[in-house]
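What follows is chain A paired twice: with chain B in the first complex and chain C in the second.
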Partner chain A sequence: MEPATASHKPAAPTAPAVATVLLVDDEPVSRLSMAARLKRMGLRVLEAKDGKEGLAILRRERPDLTILDWVMPEMDGPTVCEQVRQDPDILSSQIILMTSHDQPEQIAEGLARGADDFLSKAASKQEVLARVQSGLRAASLVRSIESTRDELRAKQEELESELKSAGAYIQSLLPVAGDVGPGIHMAWTYRPSLALGGDLFNVSHWDDHSIYFYMLDASGHGVSPALRAASFATFLRAENLRHCITDNDPAAMLREANRRYPLTEDGSYFTVWIGSYDRTTHQVRYATAGHGGALIQRKDGSIEWLTSVQLPLGFEMNTPYDTTTIQIEDGDRMVLMSDGIYEAPAVTGELWGTTRLTATLTAHRATPIAAALPTLMAEAERWHGSPVFPDDAALLGLEFRI
Partner chain B sequence: MQIKERPIPNAVVLDLTGDLTYAHRDSFKNAVEALRQKGCRHVILNMTDVRFVDSSGLGLLALISQNFKLNQGKVSMLRPQSYVREILGLANIPKLIPVFDNEQDAVNGKAQAA
Partner chain C sequence: MSQEPVFNLTEALTRVESDEDLFQTLAELFIEQAPLDMAATQAALDAGDAKALARAAHRMKGAILQFAAPRLFEFTKELESLGNAGTMDRAAATCAAVDQELQKLIEALRAYVSTRPAA
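== the complex of A and B ==
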C-alpha cells in the first residue's frame, strides 16, 4: 500500500482569509454605496450591473456570498436565484435578496424562488453586518460539508478500486474450467456477494494419477474473510501440502488445516469440503469440516449428498476428521457448492433449499455440466429475485469418464 | 438481540432473544466475555427465544466455549428451537457446548438431552 500522504488527493483549497461578496445591482449609486459598506467590513467585493453578469461572475469566482437586488431589467433577482438553484455547480451559493418593498408575501416569494435571506434597502449598518455575517457563516458550513463530501467520495472511489483489484486477485486464484485430466471435465460458476468473496474452490493435481478439489467458506462478510480464504487457498496448493502430509488423504489435509487455522479472536473460521479422485482406482475420498455442500449425481440421475457432521476448522484441537470413500462410475457427476446457493432467500424469507436444488439438477441431468451449473445459479437467482445474493454463491462441477 | 443476565446458584444464565448473527456479534461476545472476566465458571445460554444462528454465530459459540475452557469454565445451552438445533447440529456444536432441556440439568451437567 502507498504511504497515506502519497495516495491521498490534496485537500480542497481552503477558503481565503478574506471573504468575497458579489453584489448584483443595476443602480450604480446604491451599488456603490453598498459596496463601500461591505468593503468597510473588510470584505472583498465583486460587482455586477445586472443578473446576467452576476450569474457569470458567480460561476467564475464562486463568491462566499451574493447580495442580489430584486428589481433589475431583463433578469430580476428571484429569476437569478432560480437559475442558481438549477445549476449543480453553484446551487449551494448563499444568496441574500435585497429589496425596498419587503412585504411578508414578497419575502415568502423570494425565499420560495431560492433566496436564503432578505435584506431591506433601508436596513441599518448593524443589520447589514449581521445578515452578511450570518450568510458567510452558512456559506462556510456549506463549503465544509461539500469538501468533506468530496473527500469521502474520493476515499470511497479509492476503496472501491482497491476492492476491485483485490477481487480480481481472488478471481485469479480460481481454476480454469475444462478438462483437468484424462476423463475429468470441470466447470464452475461463482457469484461473490460483494466485490470480494469469502468462498473459494479449486481443483489441483496431487500426482499424475490423482487430483483433489475443494470448496471452502470463510465465515463473516467483507474483506477479512476474503483475505483469510486466499491464505487458506495458498495453504491448499499441492506444492505446500506435500511438505505437510504424505498422501492426498482429505482428512489429513483437514487435520493439518485445523492445526494451522484456529478460530480468530472474533470467532471467524472456515468450513471446507475436500475430495480427492484417483484415476487408477476410480475412487473419490472425501472429508468435510462443517461444510455441507457436495453431492454426487449418478449417471442414472440418482443423487446422494456427500456430507458428514463434523466441526468446522479451528473449533477444537485434534478433531478427528475422517475420510469416506465412494466408487465413481462412468458418467457420474459431482457438484460442490457453497451454502449461499441453497440458502438464497425469496422475498418471503423462504430459502431456496436443497430439495429445489436437487430437483433442478435432476431436470438438467442431460445438459452438459458447463451449462447445467449456470442454469442452477439462474434458478436460485429467479427464486431470490435479484442477481446479488446475500452470501457468496459458488458451484464447482466435475464429470467423470471412465 | 437482547441479552439478560440472570445469576442462579453455581451458574449465570444469559436469556437471549433475537438472532445470534454477524450483526449482533459484538453485544453477544461482550456480554459473555464480561461474565468470564468476572470469574464466572459456568454460563448457561438460554436459547429458547433465539430464532436464528448464522455462521458467525456458530463461530462465536465455539470461541466462547474455548475461552471458558481456558479458565476451567464451561458453557451450556438450554432448549434451542428446532431450526436452531438443526443448524447447531450440522456444525456439531453440541459436541462443544452440551444442550439441556432444563436449567437444573444444565447446572448439574448431567442427562444430556440433545
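== the complex of A and C ==
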C-alpha cells in the first residue's frame, strides 16, 4: 500500500495572511483616497458607502479593523459603533472613527459611544499607518483571547460531561432500596457534595443466611476520591471477598482491605464501617476503621452508637481490627451515616452534631425508615441552610423483623 | 493681478505618495462628483435648511481635502460652520465664494487631467 503522504495532515488553515480593513465613508473621493492608502499598506480593503451598508458588511465579513466616517447619511459613525457594541457576535470589533475635526469633546463622545480610536481625515501617512497597525494589533489580541476562551469552554463542557457520566457510574454502584432478604428492609438517601461523591455504601449477600453492609468514606473531594471509593467498593463485592477471606467477619474484611489500600503518597486513605447480619443467630457483627457513623435504634427508641476506636485503613500494616457482636431484636433499626450529616455546619459554624441527629431519629421512630432517612437529611439541611453540604452526606438504614 | 494657484499639485501628490494614476482617478471622480455636491449645497441654501447646508458642505470639504486647495477648503469649512450655527444670512455670500473657487479647482483639475495620458 502506498504510504499516506500529505493526506493524513490536516489542511493548512485558510486564515488570510493579509488583514482586512472595512472602510465606511459616504464621500467617494476621500473614500477612494483612503482605500488607496490602506491598500498600499498591504491590506485587503472592503468599502461601504454608508453606516447601514458598513454594519451589514461588518457582520458578514468580520474585518480585522473598521474605519468609520463620523458624518454619514442613513447611519452615522457613532451610531454604527453603538450597534456593534450591542451585538454579541461582533462587539469585540476594532473601530477607528474618522473625523475632520478632532475637538476633544467629540473624541469623548466617540469613545463613550464605542469607538476604539480616532483618525483625522487630514492625518499624515505615518499617522494613518501607526493607528491602523495599533488597531490590528488589538484585533489580533482580541481574536487570540476569544479563541482561547472558546477552547476553554469546550474543554470545560467536555469535563463536565465526563464528570456527569462518572457520577452516573458511581450512582449505579449504589444498592436498590427495599427488602434485601426475609425480614430485612433497607433504605438510603445520598447527597454528594460535588457531582462525584467519595462516600459509598452497599448491602450484599454473603451466603443464603447472612448479609453484610458498609459505609465508606474516601478522604478528600472530587474525582480522585470518587475513583478510589469505586475501586474499594469493587473490592468489597462478595464474589471478590470470597477469594480473600473464608468468613464474613467484618474485622477480617478490614484487615484484608488494610493490606490492599495503604496510605497513598499524597496522604489519601479510607475510613469504613462494616457490619454483617446472620439471620439464623440474629446477630450483627461489626468492625470499624476510623469511621464513627453507625448506630442502632431499638424498638423501644433507645439509641446506641456502634463505634470502636481503630485507625483508618492504610495507616499501619498490622492494625488489629476486631469485631463486636450485638443481638438484634424484632423491630430494631440500624443507621449508617457519613460524618457529612452530623458535621453539617450552620452559618455560625456550629455543627449539627450527633445529639440533634439522635433527637431527630427519636422524634421519628414511628415513621417508616424509608421516610425517616429523608426527614433526617432535611433536618440537617435546615440546620445548614442550603441543600449542598460541604461534605458528602449519605444515610443507609436497615430494619429487622424477626 | 497674480493669485496663488487654486490647488498645490506637489502637496496633493505627496498625499497620494506621488501616485499620479491614483491622483488622476481622484481628480476625475471629483470633476464628476463636485458639481452634484455643489448643487445639493445650493439647494439647501435656497431651502433655508441650515442642517442640510452644513451636511452638504461637510461632504464637499472631505473631498476638497484631497487636493490641497486651501482657499476653497477654508470657504467650505466656513460654510459648514455657518450651517451648523444656523446663520443663514451670511451663508449666501460664502456659498457663492465656494462655488466660484470650486469652478476654478475643477478647471485646474481638468487641465491637469488633459496633460495625462488617457486612462
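In this text, the second predicted complex is superposed on the first by the 387 of 402 C-alpha atoms of A that agree within 3 Å, B and C clash if a C-alpha of one lies under 4 Å from a C-alpha of the other, contacts with A are read in each partner's own complex, and residues count from 1 in each chain.
Everything below uses one rule, namely that a residue touches a chain if its C-beta (ideal position, glycine included) is under 8 Å from a C-beta of that chain, and two chains touch if they have at least 3 such contacts.
Remember, predicted model here, so these are calculated numbers, not experimental data.
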Based on the shared chain A superposition, would you classify chain B and chain C as clashing or fitting together?
fit
Is A:S30 contacted by the first partner chain B, the second partner chain C, both or neither?
second
Now for A:T271: first (chain B), second (chain C), both, or neither, which partner does it touch?
first
Note, angle between chain B and chain C viewed from the Cα centre of chain A, nearest 10 degrees, works out at 120
Tell me the contact category for A:K121 with respect to chain B and chain C: first, second, both or neither.
second
After the superposition on A, what does A:I402 contact: first (chain B), second (chain C), both or neither?
neither
Tell me which partner A:P312 touches in the superposition: chain B (first), chain C (second), both or neither.
first
Just to confirm the value: shortest Cα separation between chain B and chain C in the superposed three-chain model, in whole Å.
65
Where on chain A do the contacts with chain B and the contacts with chain C coincide?
none
Listed in rising order, chain C residues that touch chain A in their complex are 15-17, 19, 22, 25-26, 29-30, 33, 55, 58-59, 61-63, 65-66
Spell out the part of chain B that touches chain A in their complex, as residue ranges.
22, 25, 29, 55-56, 58-60, 62-63, 66, 89-92, 95-96
Using the touch definition up top, name the residues of chain A that touch chain C in the complex.
25-30, 32-33, 36-37, 40, 69, 71, 73, 100, 121-122, 125
Under the stated contact criterion, what part of chain A meets chain B in this complex?
217, 219-221, 263, 265-269, 271, 290, 292, 309-312, 314-316, 339
